[in-house]
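One chain, subunit A, links the two complexes that follow: it is found with subunit B in the first and with subunit C in the second.
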Partner chain A sequence: MNIKKYIKVYKLFNYTSLSIELEYQVNIFIDLLTAIFGLSGSIFLLSIFFSNTKDIGGWSFEQALIIQAIYTILNGITNTWFSPNLTEIVKYIREGTLDFVLIKPIDSQFWVSFKRISPTGFIEILLGFVILIYCFNINNITLNIDSLFLLFLTIGCSISILYSLWFLISTTTIWFVKTWNATEVLRSFLYVGRFPLNSFSFPLRVFFSTVIPITFITAIPSEVILGISTFWKIILEILVSLTFIISSRRFWIYALKFYSSASS
Partner chain B sequence: MHSNKIIELKDISKSFFVASKEPGLKGTLKHFFKRKYNEIKVVKNINIEIKKGEIVGFLGANGAGKTTILKILCGLLYPTNGFISIAGYRPYERKAEFLNKISLIMGQKQQLIWDLPPIDSFYLNAAIYGIEKSEAKNRIKFLSEMLEINKELYLPVRKLSLGQRMKAELLAALIHNPNILFLDEPTLGLDINAQANLRKFLQLYNKETGSTILLTSHYMKDITYLCRRVICIHEGVVTYDGNLEKLLTKLSPRKELSIICKSKKDIESLKNLGLDIKNVESNEITLLIKKEDIKKTLKNILNKYELEDLQISEPPVDEIIGKLLTNK
Partner chain C sequence: MFNLTPYKIGTLLKTQYSNMMEYRVEIALWAISGVIPFFMLNIWTNNGLNDSLGISNIMLSRYFLSAFFVRQFSVVWVVFTFEEDALLGRISPYLIQPIHPFFRYFAQHIAEQITRFPFALIIALFFFIFNPESLWFPSIGIFILSLISTFFSFLIQFLIQSIIACFCFWTEKASSFEKLIFIPTLFLSGLLAPVESFPTFVKSWVYFTPFPYLIDFPARILSENNVNIFSGLCVQIIWIILFFIIFLKVWSQGSKKFTAMGL
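Up next is the complex of A and B:
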């Protein structure tokens, strides 16, 4: 793979995508307001849960706020990269324009995953980091190099799991064509990631750790920040993310064999 | 010549499994719970060889299998059976070296970015094909001059007319200088002038670059203008592969000779020459004459009779091919 070429193409993807987005100024303003109101609503909901109790599943409000911050960052990443691209796969398949992707000397998974970028998600990422820094203050956290490395490693794994989940569902479009609803179901499952894993009943904890590993995505980086994460959990997250990334890649290559292109 | 061969298909077949549905609510419910799949053979054991630099037209009615063959050729579809080689590559493997050599243009689909000027799509494509910016600039200049498109390159695609958009689509598809072009109804929806311009461009491009062009079109003018060789497809089977002129001669071996004579006596005399008569109307007679006999017959008539007017015509190509495609 020619990395230089891919970097160049990625820059052009970003340029063309941003040029399209910036054509619609009002949209950006509306998305900014949506992100602020959405975040305020989530924090308000979290405060209601903690209004009559000091901790849920061993997590105080200040600690749970870290999960909310991580969730907001990851949701911003989803809105910036995953959602605009992976929902577009449905369009590529329905209209048969995937033909133009497949006849180009470029990795088709790279194309369908990174062609578009939505700058409105940046606002959420920024807000997520603002809350995270605030959480460092209220929880008196100072991160050393090791924990900072572990934080980035676990966030990287979380992004990989999140991407793979989106991509696996979107790939099924090749057979079922209309899988837009399935990505919406995934999105609603992702809301679970805003709360500590221990706040759920045992069967739900098992479900959200194994079947759809949503809680891995936010809980483990938050535990790393608080210094309460165990070594095996981090290793497990790395293994889960690697499994998901490899599976999504293999599934895409397998699915392309069934691509029948839209009739003309 | 063997070395000249760029495309080779041996016993290529392609089947799809399509769910069939009975009409009505009962049929819909049945279709939802228990689908019945039928195997549809879209392409059946076809054998084709194409030489470098040829322009070949695929003819066939809707659903005959032309587009499926084109998609197998450019690697978008896996053939169910058979052997396929294009410039020494198996298209379905979609190797970068192979993809660098081909291009696909579809009249009914577009690859240009709708909200941006075509020039942005050109530079994106250039980067994908690993073409340096300066080289891409030269290539865009060369092709835009050939296509007679300039200021339109800087307007958003959505603001362009269909003809301008098609030219820009062509430019985007040719930026990497492909050796083999697959064109699926490239003139679809274009007005007469735009169609003519596109045909001229394709002919010129073939002449200048020596590229091989495979074309499907429902407009017979595209085929007659560009292709010396045609491949007729009917229900997934190649029914004819060869020279277009020969095909037309085979399907319509006679020309129409319409003669207006000065006297009715001459008309009566012409009737008794033993030639096939299509029509007689006062002092006008239309004769059907074999193409190889036309010179001799014409010479005889001109020597013998005093004519007021004379016209030689062929049945319209659309009509002849139409009959072939519908198997009449």
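Up next is the complex of A and C:
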């Protein structure tokens, strides 16, 4: 594998897709508004919850805001890198244009996962960091090198779990042809990632930590920030993310054996 | 006014229904993606958030189940289909047909709702298996009234999205407008929290917007929470008339702008 070639190709991907996106400048402005309103809506919802109680599942409003910030950052990353590409996979397979990807002298998973980039998520990432810094202030948190390292490590793991989830679901298109809505199911389930896991009843908590590992995505990084995360949880998150990444790769290679093109 | 005959309506519905049946798995998945109200219900009851509001757990669970149903049968996506059709130039043949193009989309939505109905029922069945104490059967009158208000809610959203879809004539890409409108729809309609739980400074103006009438109002009728049915229906009708007039204006302006693409 030639790393230099991949970096060069990736730069070209970014250049072409950004120039496509910048064609529609009004859209970018509207997406900015959408991101701001979306975040204020979520905080509004949180404030409704907390107007009736002091804590949800043991989390105070100031602490729950950290989860919200992490969620916003991760959602921005999803909107920038994952969802524009992985919803395209559905199109490649339906229209048979995956043929042209497969015959290129480049890794097909790399191509389908990184072809597009959408600048709309940048705003969310930025807003998420602003909220996060605000949270550091109101919770009186000072990060040292160790916890900063753990934070980046766990967020890195969260990103790889997120990517794998999106990629695994999009890959099933090879069998089911039109699974655009399957990504919608994932999106709606990920929605609960913005609330503390402890606020759900026990059966749902089990569901969100095993069937769909939402708990690993936002809960553990937030716990790391608050300094209440335990060592085994972090180890577990690393293991889970590794399993997800490896199985997404395996699954893609396996699924390609069943790809039978369309019309061409 | 629109050249509609019963024969045309029947044909449109039949073709769209068979089209939707082809993709029934997709519609089933879509139905599943609407389960967010149940997660919200879980947060509400599990933390006792409803105690200070004076809503019992059973009434709240009925409310959220009704909200799920109302949402299932008022989902609108016309702007996405229209945007694709406009970008690919498929609108051109539709425009010369002796029927308004939006009736095609309207029939699509109705057919989709019919296909979706059994899946929504199955999800509700699971809900009652887990929450048997919240089972209730609304009277026929209540059922019909909630059906009407759900249909009105669907009409309001369909008209709003159709107006946005017409923006395609000017900007080519209108779906980002839709994403913007979806945010208040999500947070102010009562899908995630009943409108009566909102703080007073929001409640004071939110009833002047169409949003609470999209989910909260029909869901309250169906779940038999107390609500002024007559005035609610009147407000829904006013919004429908208003958006219909705007739609006709925007359409007549926009379709003149249309320059055939593709073909």
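One rule holds for everything that comes next: the second predicted complex is superposed on the first by the 264 of 264 C-alpha atoms of A that agree within 3 Å, B and C clash if a C-alpha of one lies under 4 Å from a C-alpha of the other, contacts with A are read in each partner's own complex, and residues count from 1 in each chain.
Following the convention adopted for this analysis, a residue touches a chain if its C-beta (ideal position, glycine included) is under 8 Å from a C-beta of that chain, and two chains touch if they have at least 3 such contacts.
Quantities reported herein were computed from a predicted structural model and do not represent experimental measurements.
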Clash or fit (per the criteria above) of subunit B with subunit C on subunit A: fit
Partner chain(s) touched by A:Lys104 [first = subunit B, second = subunit C, both, neither]: first
Which of subunit B and subunit C A:Trp175 touches, first, second, both or neither: neither
Subunit B versus subunit C as contact partner of A:Gly57, first or second or both or neither: second
Partner chain in contact with A:Phe49 - subunit B first, subunit C second, else both or neither: second
Greater subunit A contact set [subunit C / subunit B]: C
Touching partner for A:Phe152 - first (subunit B), second (subunit C), both, neither: neither
Touching partner for A:Tyr254 - first (subunit B), second (subunit C), both, neither: neither
Contacts of A:Asp31 with subunit B and subunit C, given as first, second, both or neither: second
Contacts of A:Thr16 with subunit B and subunit C, given as first, second, both or neither: first
After fitting on chain A: smallest Cα gap, subunit B-subunit C, Å: 8
Touching both subunit C and subunit B, counted on subunit A across the two superposed complexes: none
For the subunit B and subunit A complex, residues of the former touching the latter: 16, 67, 71, 74-78, 94, 96, 99-100, 102-104, 106, 108-111, 113, 115-116, 120-121, 123-125, 127-130, 184-185
Complex interface listing, subunit A residues touching subunit C: 24, 26-27, 30-31, 33-34, 37-38, 41-42, 44-45, 47-49, 51-53, 56-57, 176, 178-182, 184-185, 187-188, 191-192, 195, 199-201, 204
Subunit C to subunit A touching residues, read off their complex: 23, 25-27, 29-30, 32-36, 39, 42-43, 46-53, 171-173, 176-177, 179-180, 183-184, 186-187, 192-193, 197-199, 202
Complex contact set, residues of subunit A against subunit B: 2, 5, 8-9, 12-13, 15-16, 19-20, 23, 95-97, 99-100, 102-106, 257, 259-261, 263-264
